[in-house]
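Both complexes shown next keep chain A, but they swap its partner, so chain B is in the first and chain C is in the second.
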Partner chain A sequence: MKMKISRARLTPVVLASAIIITIIIVTAVFADYIAPHSPYETSLSQRLTPPFWQEGGSLAYPLGTDLVGRDILSRLIYGARASIIVAVATILLAGTIGLVIGLISGYSGGLVDAVLMRIADAVLTFPLILLAILLVIVLGPSFINVIIAIAFMLWARYARVVRGEVISLKERDFVTLAKIAGCSTTRILSRHLFPNVQNPLMVLMTLQVGWVIVVEATLSFLGAGVPPPAPAWGSMVAEGRNYLTQAWWVTGMPGLAIILTVLSFNMIGDWIRDILDPRLRQV
Partner chain B sequence: MQRYIVYRIGQGLLVIWLVSLVIFFLGHVTGDPSELLLPIEASEQDRELFRAKWGLDRPLYVQYVVFMASAATGDLGVSYVGARAVGELIAQRLPNSLKLCGFAMLIALLGGIPLGIVAAVKKDTGLDFLARLVAVLGQSMPSFLIGLLFLELFSVRLCLLPTSGMGGWSHYVLPAATLSWLTTAGIMRLLRSSMLDVMDSEYLKMARIKGVAERWVIGKHALRNAVIPVITFAGMQFAIMLTAAVVVETIFAWPGIGRLAYEAIINRDFPVIRGVILTVAVIVVIVNLTVDIIYAYVDPRVRYR
Partner chain C sequence: MTKSGREILKVSNLKTYFFTRSGIVKAVDGVSFSLREGETVGLVGESGCGKSMTALSILRLVPQPAGRIVEGKILLDGENLLEKSEREMRKIRGKKISMILQDPMSSLNPVYTVGDQVGETIRIHQKLKGARLVTKIKEALHLVRIPSPEVRMRDYPHQMSGGMRQRVIGAIALSCQPRVLIADEPTTSLDVTIQAQYLTLLKEVQQAMNVSIIFITHDFSVVARMCDVVLVMYAGKIVESARVRELFNNPIHPYTIALLRSVPRLEAKIEKLSAINGQPPPLLNPPDGCRFVPRCPESITSCQHTDPPMVAVGQNHHVSCWRVKQL
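Entry: the complex of A and B
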């Protein structure tokens, strides 16, 4: 037991990740008060201003401006809001669907289980990025549709994990006793089985926040994400890609934001897994 | 064993069928493609003609049956844009994607396996830390960022490699390296953890007690056993690469099916979209099936699960 606790110790890296995530969430929530400029306000005379530490930069635009003179810091802050909302909503949606399907599938077994799990397997082998782009283009690019598209790809993994847990739990005495005591199936699922699958579900959910942010960024990079001019990190990267040599910051800043955020979420995810469920180390 | 194979083939067919169902009906939720493809000033008569020509006036389930029946014979329909046979378009582009993915997989194996071994053998040293850093970065950097970074660094700044298109071997380096990044990280992480598991085992201690030279302990006894999960992983990753190629092919203007699909999606060219996704799904299923069957031969426990 001691070994496991020491594995999950609070390293400086974990601490730094936690601080970064806190900053990102706070700025995303209070974007209206923190952002120095409006993310849409253009100013052609100020276009392609470099970050403040480079020659020609000014503190009015700390991280520089983009091709039409919008403040990159402000767009990053509002972009953080988009990324966080999409990540949280997608994971909650996919987690809920996966939880319900996993519970039903594992508990009922037989034909229901076979059908649901084959569907889950099929979803897991779908060419995901292609399908997500297709979904977003077909449904029309919007916040909600990006969330639906990514959740559609994600739920099967949760369903699989929950089902596995339920199968190993349902023969246990406490479930049998609940049945004898006359509990309805809904009650057994929600009051007896659900609390026991919470941990692996939580672990998987935190581990995938980073992944969802990457997918969201990829979709918006390809023009199938949150529609412009709304700021999203992926589309900001795309906007500056032809100006990398003259103005690296237009692409570099949102790029760094993506890497830092995803890295931090992955670190925290690993850490939470080590605490809650070291068995999942292989996942 | 035969039962297992038959069962897995059945499962694969089911997957392909489900994919076909989803992509077919997805293409029709937006309604009538004629509204999108014909100019706004087209008359109602023109629209009727267009629908009749493409069979869009028939009930959906009839369209689906027709689509599946011809797909089964290899006929994937005709592209709305440019009126070329979808099968021909795919046949032209698919080899390029496969070559790119093959090259990327080679890089991933040549990079990930040595890194994984070093990280496991030199556990908790600077080398291990470095290898793990590469792995963590690999999993946190979206491929479009890596692609742009490579492009800027090696093509634009250093002028070492071409920026886009297909040609000699030098054209492969950047897109393949970009595509392999995530897989290299994954292989390294997996091999490291499975090597560590194996190196903890009794038979490895036995080999050491027998006096087997350390490089044989690592090279033969440990690696042989630790590499099995890596093979499965690499197989599955190949399938994932084929999809991830959309991004890489778009950045490097690589004439593969990923870019074909992307362009088709932007143009709402549904026959092409359906064709590509179906083709990719079939390849994914075949690759997974092959990996599973090889795995079942190597490890008999799998068959009885």
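Entry: the complex of A and C
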């Protein structure tokens, strides 16, 4: 809440993370104007050009080129688009499902709660990557299916957190008073309980952006993610791994992009958590 | 106070049981009383004797799924609330019957301004919007004497003191001019000075709106101040009911006598306050017979066998005790 903001200080690390995220989002949104090349444009004569600061590199390809001579910087920029869209869409989808199921489960209790939570438990016990690969194989690899697959594994965490909050909130007098005032169940859930579970939900959502990016990259790395030739960081890492000794940048650059992005999102996530609710440190 | 208002609420033989794994808990076990227009009925008893459950039963808000109203009638203006659908009940709650809870600290939703929360009830029941809603909110806050309501309505609950919040809750409860207000220990968690103010306020508002109040408390000084009729509850049953003067002057049930003796008084020279020995009986599978027997100084063996009926001992004075003639 408002009065707690001063507690979470804006450290240089947080500031740096915010700048990195801003750059990534801006470049992803305006990729068409910023990227020096098309991400698909091949140029076999320029294949495996090193980054500009290494011998043989050129400023035309600042971060070098890959096996078929595509500009790595441009592919990274377009890849950021995929990563961010997948991350945001997945989290929103999983967050919404988790919120609704958590609210219903926590508020109704009894059999409904038991059934919903056992389903959530079952989802949580699956090895995540395995489940995601399985889903993508069943659904077929596409942008939307990657989002569905990751969201499918993710909603259970949100549902559990929301349910826990709801269970402690629903015994509070203001909920009883809302019933006394003549509120319907839908109204109590949406107007009285939802705003009170917003904060923990937001914290969990921001903390998981980085994680979703890693999962998406892993799926792409394994060939079950965003289908090629569309640029995705994970598949870029995979493409260069046989040439690591000769051309480190083909794998190294997307790897670095993943690390920086995930780290930045996690830092921001921690910071938002400290603002919204310092009690949630263990989430 | 007028004593001749017509009957608004009539509760008869209300039984609310909780069906738990270890057995049936008879939280409310055959409670009957009636409430007249503009009248205040006090519901007095120890913690856990079923006072609050009686109140929640009237609103049909007994905790589900364990709790259930198994028998009885609750007539509001002649209509039986127990035959209403949930949808119909929602139109009654907050509009015809509303309630003030004990703890002002947790009774308001921390994420909305108090104006929003007062407005919610009005919006639900009167379907008002915009400027007319704001006017109504101000009126409601003004009614409970919140200074400069147009400013305070934008406050969040944490910006208000306990007494203020309890007034806001009063404003919410009274915003739709209910016929019946249930006040469940509204002053227990307030400072003594604020308590007195709040009670005075309730009295004044009651007179202005002619609302009937069911006042739940364990405090006899509050009863003396607020109520016209007192119902003494013990272990889910009403053991004695009378007009307030009559009860204070001529208590008959041993439990009422014991309760009154445990309250300090200035005029009576009692050296030691007497506590009531023992604990209230468990409401889980209660024994046959009078439930006060284990703690009763007057009990005889026959008290243990059958439950004593309510008998009239005077005008509007009823007692449920086998030894009523001897006492």
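Observations, loosely collected:
The rule is short, and it goes like this: the second predicted complex is superposed on the first by the 276 of 283 C-alpha atoms of A that agree within 3 Å, B and C clash if a C-alpha of one lies under 4 Å from a C-alpha of the other, contacts with A are read in each partner's own complex, and residues count from 1 in each chain.
FYI, a contact is a pair of C-beta atoms (placed from the backbone, for glycine too) under 8 Å apart; a residue touches a chain by one contact, two chains touch by 3 or more.
Every value quoted in this text rests on a predicted model; they were computed, and no experiment measured them.
Considered on the superposed chain A, chain B and chain C are sterically compatible, since they fit side by side. Here the apex is the CA centre of chain A, and the angle it makes with the centres of chain B and chain C after alignment on chain A is 90°, in steps of 10.
By the document's definition of touching, of the two partners only chain C reaches A:110; chain B does not.
Counting the residues of chain A touched by each of chain B and chain C gives the higher count for B. Looking at the shared chain after the overlay, A:214 reaches chain B, while chain C stays out of its contact range. Using the contact criterion defined above for the overlaid structures, shared-chain residue A:192 touches chain C, although it does not reach chain B.
Of the two partner chains, chain B is the only one that A:135 touches; chain C does not reach it. Once the two complexes are laid over each other on the shared chain, residue contacts for A:184 go to chain C alone; chain B is not touched. Looking at the shared chain after the overlay, A:45 reaches neither chain B nor chain C.
Using the contact criterion defined above for the overlaid structures, shared-chain residue A:173 touches chain C, although it does not reach chain B. After the two structures are overlaid on chain A, the closest C-alpha atoms of chain B and chain C sit 15 Å apart. Within chain A, no residue touches chain B in one complex and chain C in the other.
Contact residues on chain C toward chain A in their complex (touch as defined above): 59, 61, 65, 90-95, 98-99, 101-103, 106-112, 120-121, 124-125, 158, 169, 172-173. The touching residues of chain A, when paired with chain B in their complex, are 118-119, 121-122, 125-131, 133-135, 137-139, 210, 214, 217-218, 221-224, 234, 237-238, 241, 244-245, 248, 251, 255, 258-259, 262-263, 266-267, 281-282.
On the chain B side of its complex with chain A, the touching residues are 11, 14-15, 18-19, 22-23, 26-27, 29-30, 136-137, 139-145, 148-149, 151-152, 156-157, 193, 239, 242-244, 246-247, 250, 258, 261-262, 265-266, 268, 273, 276-277, 280-281, 284-285, 288. Chain A contributes residues 1, 110, 172-174, 176-184, 187, 191-192, 195-196 to its touches with chain C in the complex.
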